[in-house]
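Below you'll find the structure I mean.
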């Protein structure tokens, strides 16, 4: 099948699959993967993205509009939340990557107009070709106590090793790149502020996944297809994480968005951080509602809805869910508009929600486990539901009240285990915690963006020092 | 001085003071108080309300509009938050009481039009005479395991003991009535749902504080005026709490808003609860910003701003403050409009903020104490700042960095101690916790108002049971 | 090979393996397992128990003494903790089961001497034949709002369906039986107090795993042997959980320890609960030290040991570990001695440790994840360490400081992921939470055993009511 | 009355009072206090210490033995806990001070034998004269970012300004000295490690409170005697905190325990810290039991003992109390014995208990408040119980169940308010938090004393790296 790239229209799922057979160099467990679309460990992710393309085909105009343009009103912004939160991960990464680029693009419009233009052109290209991008930020970092220029191995942070009139050559590695192996574009940005003297590490650019020199090592929380029935959640949501190695990768100038201008080096990470975090909050808000629902379904399935401590634990999850959603609502309602008319969510509300949601997730899962009980782990296996002899035992001994069959309850436990107490559950918890930076980073950003001067003034007024402090 | 009651204008502070010399029967520590405006234990509260009247005089129209009318837009609602949060407590209680009455009034418009009309008339009366009202809800309750009609003493819940063509006679007591002794009107509502057979306890009405039969026993977190310098916070914010006894109190029919219609008995407490809680959240949001400011001022005064654990504790308070404000913003942004055009804050966001703010307040004060250190308690006394010999010692030994004098730092500690670790601090913590119901009540209301059906549906979709559960 | 059963000596690992080929009816995923010792999903557990036999062979006398006798001094008790905590799970279950039986045996010595004697004989038998037992307690339970006798299906709780001069016949199912499929003996006890009229459900007995009528459905957190390298923890500790079905299982009288005497029905669960919980605490104390060590190893491997927030998170885990161990020490130091000279750990300290350890585990894992970072999930796979090309990339990009190789760091992440964020990690968290009852159960038991009368007396003295309360 | 100082016997309360009329220079609120034994703000403290003397008179030998000698067995140590925890604060400060001195004395025995001997002589003197000592450690500190020698004002840390053959002259101030104004001896030690070049600040000595040059500014959580009835707790436990100024205070050599030997400068604070913290833990363990008792009394007085959320909150306090006591038990059980035969509690268990107890206290008080309700604040005043009219109202409206009178319940609320939500309550919370260092200090010490090397080894074994790490 011919790939309809470079045409102004939305891909189909099949076209997306075809587009991945492009010579990309993807490894799984030490083996080069011949075709990611058929490999059992990548299929879950490929299928979910393909489905995303197919689902959006009928309303492609609106989709593309939303995926590839900057929100220009609070309503726009609210609409983007659905894309950031949705189950198709590369839509979120595409949106986050391109919004981050455009946010910095605006900041550079006056002093570095060439980058501003290239970013605009690149976004237009992605829109025209309906490409899926991934943010590519975290460097290998080597010795954390040393700056990029002090490392034994200068590649510990991705850098420019050559430059000529055609473009630049970059080298290094980027870690934890969700979806890299099954997306189209790597949007490369510096992991942190670079200082004068570290120009070669101040680089941002966009690189197609199949570029010569790119190698991706993968891990994967998705189940093998033989285990789909036991993994009702991860069979639909699991997506590979890649360690992306750049070995002498050439990038033409028109895909270079920063090259040595250290003054802007931190802006990319900052912009991406904000969009990643609001995306994370949008997802957490939806996931928290799902946790409430699961807790209630578990309580009902176990026949425990009238027990006070069970009701109390469900109420704790309700509070968790409502707090996160309140912050999301507030971050949207209190959005700021840039000179260019870009609408950007409130940073403080975004960050505290990300912090709270991550920090308390474990306590909520503990509530889920306490409501569900040990059968989350020990509900008999899918094969036991096939064999009539064992199925009869499951039905007899796993049922509770008249309207809760043993089979239904067993399957409910599969979902809870898969989401909260198995491979994908572990991946989810760690990913939720680390996306957009760990707890310490969230605290730092929250504090930095909080209006401390106003708070001090309010405190002085409150304690009666209305004229300011009398030292 | 002549009291200008019954004229359509705003009182002055002096007129307010005069209006309190109305024969009201107020006790302090077993002694009948001759004049609350001059008694040392009531002066703080009286002064704060008088100041409130004087401050609002220049813009009386807008004030009255806000205090005595229902918000009809999101902007209206946001504006009310300033009144609910402000330092003048009886503005909040007036607003909360009248909004609660009007909320129920609308609900009764069809089936009990007489009450709907009386409430409207009463609100107009309060507006015309610029009166301050207090909500009067919590009954003595007697044995909590028994309902009102089962109590040994039927007065354990306030009730109607007589009724004739002129009005009703009520008896009982209401507890924890902040500001009762220095306000004008007691807005009486049932403390909870009454059942069929409990008609005599299903009573709501408005009663002037100086009505025959009203006796108020008081406690008071405000300092005696000799201690004002040591109490820079409570000298401005302390207000008496009253145990209000109703002994054969006559209420004319036009001030009766419920009398036996048990079907509406719970509506008042529910409506008041919502307005009390959003008021509580508005105050907590402002107080939390003050706590951040105080923490920062303490860190600066102690010269500890660069210590990591100090910064971390300040960040914790920042997160606390931002979470509460986010919920407040969300409760306003997601407000609902009733048929009558009344705009009412979102209940779930309001409740979870009230829960979170109350539940975490102690941890925040612990942070403040950990930042401030023992000198919060042991900073020398105001008299030590008067005596030149001791003042010199205070200045020498309480100072830290060049720009932090010992006198300033000592006074800062007064404010922190007064707000967080002294009589008013204890009052504040318990009041914050209990206003609008304790933690358990907040949880119940949050859970009741949360859309559980939607959460279950989201959970079913998430786990792949899109068609609904297959039991 | 001939199985040396019924001889007074310790088995070898090979003899243990042989003893499992006894016709037991074990299912995995709907398939009857021919030989648990060779099946890939049971091998991990079998190997760990076999190793336990072999390790203890040289010092068999002491081992047997400890495993099969009641502690009679505080030192004895302390020594048992090593067995309860050790990695060989069926030693803990054997010890817990037999201690629970003996605890109740003593209680029944006077009124039900036949059971007291049978229990003593059974313990001697287990000791003589070096058998591994599992506690078999949790019933299917059906509708939780109904008692055993009210269930639609009377088998929802295991019960006696026949009795004659030779013995009894039991029917029902027991859930969450760790190690059932690879142990020798099922020690059956009632899951809760039975009331008069529920005599048929008040049954305790011991049943060999290969008894006719026993069927075991299994789940398993252990990895398949192909994945051993990626699961350095679970490859050694994973053990199957069984849903054990009893279908017309005959039990001779000399293995019946309760049959209808409802007065003692709750004693078994109570006794087992205590021993399970102290075992759980002993394990948690050791595991918590391991968590501290892992946190420190992660911080060192990431080169982050001087960062304040990292040090703070490690300190949090130190506190967690020290609190649990302090409670364990106190539970031993404050042990009680029964009339028969049995030494039993302090119940209050045991329960609060179990509660605290379970409740805070999630927060500690969050700390571990925050210290370790996303590479816990995304460290390249074992196959990537085999292929020289990818191994070079791993070594280049996963290393940090000079003395931390990329290979070492990658393998460290395997352990952390396996223990905290993968299948076994989920199993561990839920098992830790639920073993000995969930959080609510721990709270109930802690409160029940706490000396409330003394606390009230202390409070009265403290508030100056030394003569007792003056109501 | 003649003071029987210098005789080998126990003082009476009257002798103690007489001993305070010794010319000491004590200020209250800028006023020089003529006689601390009759001043209304010091009487509570003086009375409590006098009562302590009288109570111990009959068994003076044992008392003195315990107060003035080092524990030499675990039983000895356990016995000391009663003294450290008791309500007579200066017994704790005496014991802590002298134990700290003796701990360091032993460490200096070889290299600084003169100090070792002087400390022994001083302890014997205190024992002979039955003196009460206070620890005097925290310096004014000035600019925290600078060391003692860098301060603008060298007196920011107490220092030696002169030395001759008779003794030394010291200058500076010490803060937060509980009981200073009503004790006999100030045991002065350095607040932290001094470096080479800071010899003049490395000073420890003992100074009588009435020494020329000593001035004490006081604050006080104790109530004025007119308010005793409303403060049933603080009327017995309140004790003044002093800012103790040393202005050219002469100290003879035989009372100097360190003078310039910077190598030992940190040992004093370390030793005192340990004894302060174990003392703090002993008190917190007893206080926590009192909190449980109060919670239960409140629940009973409110008639709420069967409500699930109330029971749950009481259980939370039970867990808190049992955790602290478990740590105390473990700290004693795992005590270490020095070469000199001194028995010293386990540092790790001591510190984590201090941390946990302080960190969670606020949450426990929140539980108390949530159980008690708003009447903690609003229960009518003592005068209302005197006036028959108001007393009748209190009795009618504050009673709950048949056996809970309104008067009893009102008085119970006084105690709870006084302890948890009033002046003394604030003092208690901040003091509990800060004694022995704030939370950060506790964490640092816990981590420093925890056996990290063992934990790492356990972790390596656990993950299968039994031979040690393979970097």
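In this document, chain identifiers A, B, C and D correspond to the written order of the chains, with residue numbering beginning at 1 in each.
Just so it is clear, a contact is a pair of C-beta atoms (placed from the backbone, for glycine too) under 8 Å apart; a residue touches a chain by one contact, two chains touch by 3 or more.
In this text, all values refer to a predicted model and were calculated from it rather than measured experimentally.
Colleague: Can you name the chains that touch subunit B as well as subunit D?
Modeller: Shared contacts of subunit B and subunit D: A, C.
Colleague: To lay subunit B over its twin subunit C by CA atoms, how big a turn is needed, in degrees to the nearest 5?
Modeller: 180
Colleague: Using only Cα atoms to place each chain's centre, name the chain farthest from subunit A.
Modeller: With centres defined by C-alpha atoms, farthest from subunit A sits D.
Colleague: Between subunit A and subunit D, what's the gap in Å when you average each chain's C-alpha atoms?
Modeller: 51
Colleague: With chain centres taken as the means of their Cα atoms, state the distance from subunit A to subunit C in Å.
Modeller: The computed centroid separation for subunit A versus subunit C comes out at 38 Å.
Colleague: Where the centres are mean C-alpha positions, what is the separation of subunit C from subunit D, in Å?
Modeller: Between these chains, centre-to-centre, one finds 43 Å.
Colleague: Give the residues of subunit A touching no fewer than two other chains, as numbers and ranges.
Modeller: As it turns out, subunit A has residues touching two or more other chains at 309, 312.
Colleague: Which stretch or stretches of subunit B touch subunit D in the complex?
Modeller: Against subunit D, subunit B makes touches at 27-31, 138, 140-145, 152-153, 155-156, 173, 175-176, 215, 217-219, 221, 241-243, 245, 302-304, 306, 309, 358-359, 361-363, 365-366, 369-370, 373-387, 390, 393-394, 396-402, 417, 420-423, 425-427, 429-431, 433-434, 438-440.
Colleague: Any idea which subunit D residues touch subunit C in the complex?
Modeller: Touching subunit C from subunit D are residues 232-233, 236, 286, 289-294, 296-297, 311-312, 314-316, 318-319, 321-323, 325-327, 329-331, 333-334, 348-349, 351-353, 355-356, 403-405, 408, 411-412, 415, 419, 443-444, 446-447, 450, 452, 454-460, 462-464, 469-471.
Colleague: Show which residues of subunit B lie in contact with subunit C when the two form their complex.
Modeller: Contacts found on subunit B: 308-309, 312.
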